[in-house]
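Both complexes shown next keep chain A, but they swap its partner, so chain B is in the first and chain C is in the second.
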Partner chain A sequence: MANNLRKYLKILGQLWIFSLLTSLEYRFQTIVRLFRMTFDTLVIFVFIYAFFSKAPVISGWTTDSILLNFGVFTALYSGLYVFLGNSFYDLAPKIRDGMLDGWLLKPADSQFLVSFNLMHPQNTIRTVIGFIIFLYALNRLPIYLDFLTWPLFIIQFISSFAICYSFLSIFATFSFWTYTNDLYALSDTTMFIARYPLDIFPKTFIHLFSIIPLIFVATIITRTLLGERDMLSFISPFLAVVFIIFSRQFFTFALKRYSSASS
Partner chain B sequence: MHKHLRLIYFFVKTELASHTQYRLGMVTWIINGAIAPLLMMFIWLVVSGNAALTLSQSQIISYYIITLLIARITQCWSIEDVGKEIRRGNFSSRLIKPYHYIDEEWGSTLGKKIVRLIPLIPLLSVLALIFNRSLSYRTDSESILLFLLSLILGIFVRFYLSNLLAVFTFWLNEYHSLEFLHNSFMEIFSGHLLPLALMPVVLRTVAEVSPFRFFISFPAEIAIGLASPEAIVSGFGVGIIYILGFRILYNYLLTAALKKFTAYGQ
Partner chain C sequence: MRKFLAVARMAFIDGIIYREDMFLWSAGLIIGPLIFLIVWLAVIASGGKTPLSQTEFIQYFLLVMVVRIWASAWNSQFIARDIRTGYISAFLMKPIPYLAYRFGDNIGNKLVKAFFSLITILIFFIIFQVTIPNTDTISWIFAILSFIMAGFLIVMIDICIGLLAFWMDDITSVDESFDVLYGVFSGAVIPLSVFPDFIQTIFVYLPFKYVVAYPVEIILGKSQGVNLGIGLTIQLFWLVLFFVLYKCLWANGQKRYQAFGN
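Up next is the complex of A and B:
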């Protein structure tokens, strides 16, 4: 198992270097992309400030706690996209053009290669900005600290990472039947709802966002830091395991049905 | 003129035939495009329940629902389409055709708009049913005419700006960066996510002089009666100046680019 882990970490490192070199091939594009990421993130920060500074408290959330939620989401989701990059967006064109076979024939796990073959190292800047916003908001808030807060926060953060990855992977896997990445694009857009604390929405939406597990992406994590724990606070690791298993089974099922376009 | 219209009509039909093979895509594009504005609408409604805003709840709902329609009508894909052709070396095949490639772009863009409007109509109908008591648009004939004219203005501004940016691919050898920049500024300054009336002052000032406001905000403000007569007149004036400016710059840069253009690729 340790050998396997070392092997996959090495492959991840190689894919990272490959993605970095590919992105540096077009330096102007890379600079513009970095600018865009910074600009977009800062503008959303300004928007959130514009929205929520007009009302001191909304459904129990202050401006600073909403910013904390945004910081958690940005750091987490951008961090995920450092590794995912365009890999899932590129899955449908690879299936259509028969280029997926080259990845399936390699001596490594297919889902791993499909998930991480086109990373976006540039997303690191967005992840860093997310952490800065997180620390800024954390500094302004009375954070509830007991022996459980930080361990629970770390477990929830890692679980949220796994839930996000699995959710996106499930929708990307539909490309094997649809030959387009439209459903994946839809799932990606849907995730951005978690940028805002979901408690501010009407009850029907909160229930819906618990089933589509958006509430576990950032809201539950932020609530933990603010000292608000309930049953949902302890569910995310189990949900992460369920989602990982399901995404794995679904991907394997899709691969069994896959017949190459090139052979 | 007749020849141009016939060409455009031909490419509209081609585009319709090409895109209707991905019927799921037609639906998911629309839902995808609706999520962000509807999310913003809900957030503003939540905020307005807790604080006084410069827009009423009715105006907020009316604004965001009409922007779903306006965004699809003014949308343009030329930066990617033309940029990709130049990048892959296929653009030379467009140059040897007995018509200007811009006619093909017009036809392609109009065709894609029609494809996307088809699934949008049921969504708008559902939203109109759900929010019918809150919707308030100007329905007098003058306002409807001004709204339609502002849509045409938005279509032309966005089309010529997109094609102008696409021409830079000749020098940059890639188009993604231009697309990123265009989309970044458009998301913010077009009023797609945030009505200009609710923006912080600095952002609003920049948005009001940018060409991006004609993509969405200007027609939306006319539709819900937010724009004063003076603002409408000056808006049309600025929009026409942008169209002429972009067209002149586009012609000049395209001529310069074709002088140094060498096709490469497969």
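Up next is the complex of A and C:
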């Protein structure tokens, strides 16, 4: 198992270098993209500050706690996209053209290669901005600290990473039937709901976002730091395992549908 | 005109074939504004002071959804790909101007998307119990005029961005930068009246507002009298400017263009 782990970390490293060199091929584009990412992340930060500063408390959330939630989401989701990049967006064209063989025939796990073959190192800047916003908001808030807070935060953060990945992977896998990435694009758009604390939405939406597990992406994590724990606070690791297993089984099932250009 | 309609019909049929994509695209178009609407309603429900009332916010965002069905474009990457791969050579020999082809393709697809989007928007109208704004007939006429110009304007901007591929290897940075500016300054995400007055004055002279927010502002009675005339004139100015820019880019781009067989 240790050997396998080392092997996949090495492959991940190689894919990272490949993606970095590819992005540096068009340096001007990369610089513009970095500015764009910084600009639009900061614009959303300003928007959120402008929205929520108009009311002192919204459904129990202050402006600073909402910013904390935004920081958690941005750091987490952008961090995920550093590794995912355009891989899932590129899956549908590869399936349509029968060109997925190049990745399926390699001596490594297919889902792993399909997920991480087109990374976006540029998203690191968004991740860093997310962490800065997180630290800024954390500094302004009275954080509830006991022996459980930080370990629970770390476990929930990692679980959220896994849940987000699995959620996106499931929708990307539908490309084997639809031959387009529209469903994946829709799932990606839907995830951005989690940049807001979901408690501010109407009750029906909160129940919906507990089933589509958006509430576990950032809201539960932020609640933990603010000292608000309930049953949902301890569910995310188990949910992460369930989602990972399901996404894996679904991908394996979908691969049976694939026929390559030479089949 | 016949050729234009033929292209639009082909795009319409293409859209019908890929109706699942059209439905998903329509859903994606609506989710963004819907989320922002719910967030704003939460702020108002918590006693927040906002420049628009709850009713106005609901009307604004649902009208934005309607406007965005028409005022949307997605051709820039396809144009850039055609130029890069040499496939645009085929269009140089077609008996239809490239602009007319792209407009026809855009409108044909939009008719299919409109079908799915309008059903969804109608459901939201019912759920949110939206009332039609009490606007006079003249304002409706000007709003429709502005609405039509908005659609042509965004397509012109999109085509101009795509034609930059005659000079650039990859237009993605320009395309994405425009998307960010569009998102912030068009009013699609946040009503422009939320911004401070001096920033709103800057928006008046930029093209982004006239792609989404301006037709909605006319319907909501936020642009009347002299301001209405000025706004429509500025919108027309941008439309003409981007048309002239298209002509320049297309003419000069063809001089630079080379492909196998040329």
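The definition used in the following text is that the second predicted complex is superposed on the first by the 262 of 263 C-alpha atoms of A that agree within 3 Å, B and C clash if a C-alpha of one lies under 4 Å from a C-alpha of the other, contacts with A are read in each partner's own complex, and residues count from 1 in each chain.
Everything below uses one rule, namely that a residue touches a chain if its C-beta (ideal position, glycine included) is under 8 Å from a C-beta of that chain, and two chains touch if they have at least 3 such contacts.
Everything numeric in this text was worked out from a predicted model, so none of it was measured.
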Clash-or-fit label for the pair chain B, chain C on chain A: clash
Partner chain(s) touched by A:Y26 [first = chain B, second = chain C, both, neither]: both
Which superposed partner A:V57 touches (first chain B, second chain C, both, neither): both
Partner chain in contact with A:I154 - chain B first, chain C second, else both or neither: neither
First (chain B), second (chain C), both or neither touched by A:L135: neither
Partner chain(s) touched by A:A108 [first = chain B, second = chain C, both, neither]: neither
Contacts of A:I17 with chain B and chain C, given as first, second, both or neither: neither
Touching partner for A:I200 - first (chain B), second (chain C), both, neither: both
Intersection of chain A interface sets (partners chain B, chain C): 26, 28-29, 32-33, 36, 39-40, 43, 47, 50-52, 54-55, 57-59, 178, 180, 182-183, 185-186, 189-190, 192-193, 196, 200-201, 205
Chain A-facing residues of chain C, complex: 18, 20-21, 24-25, 27-28, 31-32, 35, 38-40, 42-43, 45-50, 169-170, 172-174, 176-177, 180, 183-184, 189-190, 194
Interfacial residue positions of chain A with respect to chain C in the complex: 26, 28-29, 32-33, 36, 39-40, 43, 47, 50-52, 54-55, 57-59, 178, 180, 182-183, 185-186, 189-190, 192-193, 196, 200-202, 205
Touching residues (chain side chain A, partner chain B) in the complex: 26, 28-29, 31-33, 35-36, 39-40, 43, 46-47, 50-52, 54-55, 57-59, 178, 180, 182-183, 185-186, 189-190, 192-193, 196, 200-201, 205
Chain A-touching residues of chain B, taken from the complex the two chains share: 22, 24-25, 28-29, 31-32, 35-36, 39, 42-44, 46-47, 50-51, 53, 172-174, 176-178, 180-181, 183-184, 187-188, 193-194, 198-200, 203
